[in-house]
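The data blocks that follow each hold one structure.
In the two complexes below, subunit A is the common chain; its partner is subunit B in one and subunit C in the other.
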Partner chain A sequence: MSQPSKRRYAPRDAIHTGFMRHRGFRWAKFALLLCAICIAAYAWHTPLDVPNGGTWLGYTLGGISASLIVFLTWLGVRKRRYRSSFGTLKGWTSAHVYLGFALIVISTLHTGFQFGLNIHTLTYVLMWLVVLSGIYGLVAYAKLPLEIARLHAGSTRDAWIEELLDLNEQALKLAEPLGEEVHRRVVASIEKVQIGGSLRRQLYGPKALRRSEDSRPLLQSRIESLLKLPRPTGSAVPANTVVFMAGQLGGTDKTEQELQRLQQLLELIGRRNALAGRINRDIALSARLQVWLLFHVPITFALIASLIAHVVSVFFYW
Partner chain B sequence: MGTPYSIVIVGSGPAGLAAAARAAELGLSHVLLEAEAHLSHTIHRYQKGKHVMAEPSALPLRASLPFAAGKRETILQSWDEGTAKLKVKVRHGAAVTAISGTRGAFTLTLADGEAVQAECVVLAIGLQGNPRKLGCEGEDCELVQYQLDDPDEYRRETIVIVGAGDAAIENALALSTQNSVIIVNRRDDFDRAREGNRDAILKAIEQGRIRVVNNAGVASVVMSGAQRGVITLSTPQGAAPINCQRVIARLGATPPRAFIESCGIVFPSKDPNAVPAVSEHYESNVPGLYVIGALAGFPLIKQAMNQGWEVVEFIAGRNPDPADTPLLAKKFEKLPGKATVAETIERIRSRIPILSHLTPLQLREFLLDSELRTPRAGEMVFERNDYSDSFYSILDGGVFIAPKPDDVSELIPLEAGQFFGEMSLISGRRRSATVLAGEDCVLVETPRRSMNKLIASVAAVKRLLDETFLTRAIQSKIAPGLSAEDLQEVVSSASVERFKAGEILFSAGDVGDGLHLIRKGSVTVAQDIGGKETVLAYVPAGQYVGEMALLTGAARSATVKAAIATETIKLAAQPFLALLGRHPSLRNEIGATLQARAAANARAPQGKGQQQGIVQFLMQQGIGEATDVLLIDETLCIGCDHCEKACGDTHGGISRLDRKAGASFAELHVPTSCRHCEHPHCMKDCPPDAIRRAPNGEVFISDACIGCGNCEKNCPYGVIQMGVVSEKPPSLVSWLLFGGTEPGMRHDKALAKAKKTSGKQAVKCDMCKDLSGGPACVRACPTGAAIRVSPEEFIQISQGSV
Partner chain C sequence: MKVLLRTIESPTAPVTERVFEVPVLRIGRGGDQDIVLGDLRLAIAHAELLLYQGLLGPSIRLVAKARMGVKVNGTPQTSDTLKVGDVLDFGRHSLTVGKPPEGYDLVLTLRQRLDAQDERSARKAAFKTTLADTGWSRRRLSWLLFVLVALTVLGLPLLHYFQQPPAQVNAERSSVPSQALKADILWNSGPLSNAHQMLNADCGVCHQQPFVQVQDASCKGCHADLGDHAMTSTVAQQHPFAEQRCTDCHREHNGPHGLIPTANQACTVCHADPADLPGKPGLPTKDFSTAHPDFMLKLQRKAPVGAKQPFVWVEARQGTPEAKFEDTGLKFPHDLHLDTKGIDAPEGNRVLECAGCHTPTADRSTFLPVTMEAHCSDCHRLDFDPQHPDRLLPHGEPQAVVDSVRDHFARIALAGGVMTAGAPAEVRERRRPGETLAPNRARAALAWADAEAQKTLTDVFEKRSCYLCHAVTPTSDAPRRWQIAPVAPTTQPAFSALTFPHGAHATENCASCHASATSKHSEDVLLPDINSCRDCHGDTGAMTETASPCQSCHVYHLEASAPPSPARPAAKKAP
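And then the complex of A and B:
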């Protein structure tokens, strides 16, 4: 017999909300509450000495901070457990962000505002670095996807690259009958088109072409010199594609034909360069979307190592 | 003319071969006629090394030749050996062009004009048909072939491909990497081909990788040396000879139906899927002319071989129990009493009127596919809003239909002999009511595919289902107070209308002459607002449009267009108005119902231009036939591909979705991923019936898949792939500690291992029906960009309210 149907998704209101607004800001509220309790406790507590990590409240705040760090790091594990039904990854990301903010507050209270050149402050600083890189990531996640989507406008980078290769091929075909010089320059310009590359290039785009590497000035000057030649009679007809086609078919007017080819080639290379620019822009945006993880994740590991050292040393000297 | 053979078998596929082998074993005078130079042409044409499966695994094999799952080569070899050992008399190159006569005196005419006499004829020519030939001088010379098995076999040849369909294009593209290819097209476009193929061939032509000759026919093919010749094309400019090493003609196939009808065999309906009706001894309406195998509607190798064996037994005057008897006996075990299989089948036939139109063989097949259910009194058979689509006939006892799940006071009883579940079967949508079992209830539950096969083959079943569908639809949606008798006249005046995607049902301003109940597909309702067509609503199957015509006869207020291929039942206004005239109290009641609906429509929020554009965009993406679709909000998507990784990790290493592929509009992206269509295209032609729909709506492929690739070809959205599934996903712990493959990434080692032990199978999204918590792609999205939505939610998405 059929089983009764059950709604397999999250409740209705959660079908389409981003991770920041997950379940009506559930984790934001929780993080705020946690911070409020800690701040209140800190204000209420009057230690024998100055406030520091060694009081009972200090240990408690330290314990909470350390647990938060472990929990926040666990996102890396949870997101690879694709079978897990322990919350959704969206919920975990939401909790990660808001509890990450709470960590700043709680760990700062844990320091009691005592800093020095020691492993304890190093841990604190590393934590800030992780959180700051995370904040960059948050901003990137909030802004860049829309920018990328608008840039793509329904197309994809793969399609662009294919189109680019296509244009290159067409350019070569057009250049072939235009003499060795043009052909060589077009080949060179194809070789000079740079897509992606090192991280720096990905982020900031390839180096600008030197003038000698750009085939367009040559084409432009060839066109100009051709235009200076005496025009054939009846050139009242505008030099348009129809004339070009007719010239090609008839094979009568070599100059007119070459002129048309050069102009076509020029336009094609312009289009190609614009496309390469768009591809590099896309690569730059994607790189900016991900580059922060190169800091966020390794510093997290450094933070955990430092945290262990901090905890061990505290208990060793106790 | 010699003495007639006792049996002449036409076609040496699994069915024909098994029949010939049994005839040889029994020492009957026989001949097996095969058009090709080898046995089993269809299986011979499988690609090299293909793993052939032996479904259904429960069915025992009963044949004089061996057959077990294995490589194509092994199977063909064992048949060749078996045929030789039994001294089966085979005539190759004997294409039969006509069969005439009747039992005891058949004449078969061969392509070369020779006539063969026979007492009985067994037709086992399958469904593949004969490839259409060039129809010119040299069409059968060595240069010409009508099939391409392995494009990698040919290098540096000049190959002329004739045809402009999918097969021709696919061959041309595959060959063009290593050969010089010229494609010859009778017209000047490739509009007959699928869009993907069309784009690919046009691009290849534009880039000069393939040359094309348009508006051309083939005048002749002449050999000019060993594997070298000249094909002469007739073009508008005159004759054009081309030197080439090979001509591949892909001109489609002549369907076998015309030939079969010319033998005097009658098909039960015009439906292209219909198969000839045969008796339980596989005898057609022409006495002595037997039809077995795929042609009789049994596409699987094992079934076909069993039939080959059985048909010869019947012809020899013996009467063995069909091979499926033990399977049926097992199914009937649940039934009270100790009737034999034959008695039970007869009882089912006599008690359930809709099944009485079936031939005994059809009924056996139908029961093999079906399950007998004996629910306790009060047990739920299915619940309203379930996605199940099987069909139930009541053998004993009865059931109660509860249209309103919370209100048990309004139960509609159905008695033995009646049926239910036809609504979801026809519309492809969720169950419209809950059904509860009565006392001593015995039900026959039949899967959708078997039912559709039956509808295609038995006209009476189709008519009965259509009428019942319409009566019940009117009763449940428009006029609850009317009995089936009241509605008789109205129903008989109704007509089924079909619309292509984009076709208009009616336009604003037209005279309202009736109501359209959408039986299949979906429509959009649009109005002209400020000179621009604006889609106001999407109406799925099971609902109706144009209802105001039944009351007022006023002009249409909106334009209604089919979003996808749609079937409606059109209810003319006149007979309905006459009916209301006889039941004045109903008039007000129905008026109120329809007015309320009209008011609700008017209240529907009207979005801005772009948002309305989204509905049109979604419809263009085929979402009009979806039941659940994956959408990605590009303003949230960070391109981490976690959706794909999660899919691969939870599904044997193959992601069933392609995030990047697919169209976007207004920051809404429709990735390449299964939409779980109302009427899944993939289910159309699955020989082992491995594609099913789960109660929650998931369309999935079971382990019975034989890897034939039909579903991959039939899916218009490209969401099915053929692949090898590896059981073990990469381990998270081992990756963390020792490196290696990260979870969610391609696990090459496991895949290589899996490849050794299993063949390729079709894989597609199953909406993670076996995982708790719902689809992994959505659960793994860190930002909430990936969502799965049902049709009811599309409009809300478009209005930005979800």
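And then the complex of A and C:
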């Protein structure tokens, strides 16, 4: 039996290789070469007037830039065509990133550094916005998935939410015999738990929960000190569920069973709050991983509209 | 208070009815309540409904007993007056206020909206945990922005264009657009040149047809008189002139000063290798600094004998012997006049400067013609009789000189009283008023006058006044005894292809280009050669010299745009 050739073990593109390193930086090299050619042409070219988009080189650079924009946008189509075998999606993404960088260089040369309050500069600015948001996305894709995986630690958000709902139900059951005030507090606390929400809430999390999360060590110490007190604290009702419970614990003269229930409830709500915090953190990370697309894609379409107007206007008033 | 409670457990189950006759209807989780609702989130005593006799008649009031309140139509309330149709939320249950039938104060419909399991799913589903749940749709935003941008920057200008189609007339003085800017200003690819700013409001003045490049006719609406580069119409119809358009060189929308091409390639693209060009394209000129031909000079030469004009124009290229001299018909040694020690003048020693004779034109581009009367006659006085120093010879007409001298001496001879040594008595005598000479004495006086005139004429023509500057030839012709060589007219600029802008070089002194201080003959050509220019001027893009495009000296539009040459009046024809 002959030894299997080494080649068979060197796949075209190792599965773990990121799209940045796709095929030994093939697209990075291509983009660099393209930029180098365009810069050289720009340096060599001495138009009759001044460098601008209307010289033959200007038209050429503009043509390349427009083609690049169409090609870069086509990634959105290609990634939805699961049956397409026209290049791998990883290859397309790699080309998307590097040619996106090249687009900045080539389109800047196309402008001839002439800018004004017009649709042509609008197109250029929109292109920059798209590329900059893409760069954010690139950084997000490089950093956030690791952070999310570390946070999940093998579990899933869905399981966490199920657990959170379970904890809420358990808390209600525990709270039922503990008097109206405790019950009301627990119900209010359940209503208060915020998971996700609006775009802003998803990205930055519910403020109240974050604060209670941060104050947990402090609360813990307060509970301990309250436990030692012979009498409950004054009539002022603490605003926070956990603090209120602690007050009940410290000054109660109820039976041992009730004390146990209260302790259980306290622990349960603490767990629930921690869980809610983790879920919101997960939601925030996922949102940050995705939110740039909410900018990148719509601005791309604004760019395409502006690009069409740019090209039409240039030839309409040729 | 009499209350009818209709309970609907599920959509398919039958409706059960209960009647309460209580002062206050209590609702809550506790077993002691009138309406007991088994939802752990409710308080034991959650709320109460009571009949309230107000000024406007009886009404039903809700009083929440739990501090979390009761949601009435979705809004938490601690107390409220209920109307027909209000929906009260009690956890998974809802109570709807209905129109009470006869005999009842209140009718309520109790529904269980969700069972415990459904409620859990509903709660889970209500969490907005992904960006898709927030209502921000990439697709919707994309289309929104696409349509918004397209309408604004494409639709609006097009709308304006089709609402007010351009008049399709060339811009003229009478039809310069003055209206306000239109939406298509958004399409302006860059500021117009200063001279064209007034066209900003109407793109259609130049861009007359959509998707068709600006045509020459658009430019010629205003620039009708511009000359062609091609000298003849035959040449203009040949390559490369046939396919040339104004906009090949004049690139608009490049800023306030962008319209005249400054790059030499505008010219050198053809003139670097003019072999295939039609007409008379001249020598190959690929740049100024190394490959520009020597200057071609326009010089005057004496015409052959019998020619109509005394002088002809010839062209001679600097560097050839032919370009070193020019026939002027005058004697004028520059060196003598520009002697730094000064020269003798009637008022004494006088140091002459170039500007003493060469007066700039109003635009300071070149100089006014030097004339005898204005520039020479201060020193070169045309007096001829020492006894009558105020009598001057007329300049320019030799016959008038002869006549003038003869008349002068005849008059003084007849008038008498002449003190010149050797004059006869008839001439010396003083005459009394009314006295006349006898014919024989008069003849003697006139004979003296003729002799004196002849002597003086020979003197001024052959030794003094005329002779100093002109070539004078005595003739055998009795009435015309002397012929003055014709003086060359200077009606054309010396450089054949340009007018040198002297005003732009005012900081230089004349001697830095013109070797006049050492010129002994008027035939010397005192024009500097191209290397004098290269001392300061370099090609476009030069770093250490004045970058000089071809247009610094040359013009493209030959006929009309060439500035009129500063015509000196042609020297009067010699007799």
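The rule is short, and it goes like this: the second predicted complex is superposed on the first by the 259 of 318 C-alpha atoms of A that agree within 3 Å, B and C clash if a C-alpha of one lies under 4 Å from a C-alpha of the other, contacts with A are read in each partner's own complex, and residues count from 1 in each chain.
To be clear about the criterion, contacts are C-beta pairs under 8 Å (C-beta built on N, C-alpha and C of every residue); 3 or more make two chains touch, one makes a residue touch a chain.
Everything numeric in this text was worked out from a predicted model, so none of it was measured.
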Contacts of A:L165 with subunit B and subunit C, given as first, second, both or neither: second
Partner chain(s) touched by A:A287 [first = subunit B, second = subunit C, both, neither]: second
Which of subunit B and subunit C A:R80 touches, first, second, both or neither: first
Partner chain(s) touched by A:V70 [first = subunit B, second = subunit C, both, neither]: neither
Partner chain(s) touched by A:A40 [first = subunit B, second = subunit C, both, neither]: neither
Per-residue touch tally on subunit A - higher for subunit B or for subunit C: C
First (subunit B), second (subunit C), both or neither touched by A:H22: first
First (subunit B), second (subunit C), both or neither touched by A:I195: second
Which superposed partner A:V50 touches (first subunit B, second subunit C, both, neither): second
Subunit B versus subunit C as contact partner of A:A274, first or second or both or neither: neither
Overlapping contact positions on subunit A, where the subunit C interface meets the subunit B interface: 169, 286
Subunit B-touching residues of subunit A, taken from the complex the two chains share: 1-6, 8-9, 15-19, 22, 77, 79-83, 85, 88-90, 92-93, 141, 144-146, 148-150, 152-154, 156, 158, 166, 169, 286, 289
Residue ranges of subunit C touching subunit A (in the complex, touch as defined): 40-45, 66-68, 120, 123-124, 127-131, 133-134, 136, 138, 141-150, 153-154, 157-158, 161, 184-191, 203, 207, 210-214, 248-249, 251, 253-255, 258, 261, 263, 265-266
Subunit A-touching residues of subunit B, taken from the complex the two chains share: 207, 373, 375, 379-383, 385-388, 430, 633-639, 642, 645-646, 649-650, 660-661, 663-665, 667, 669, 695-696, 729, 732, 735-736, 742-744, 771-776, 778-785, 787-789, 793, 797, 802
Interfacial residue positions of subunit A with respect to subunit C in the complex: 46-50, 52-54, 114, 116, 118-120, 122, 157, 161-162, 165, 169, 172-173, 175-176, 180, 183-184, 187-188, 190-191, 195-199, 201-202, 279, 283, 286-287, 290-291, 293-294, 297-302, 304-306, 308-309, 312-318
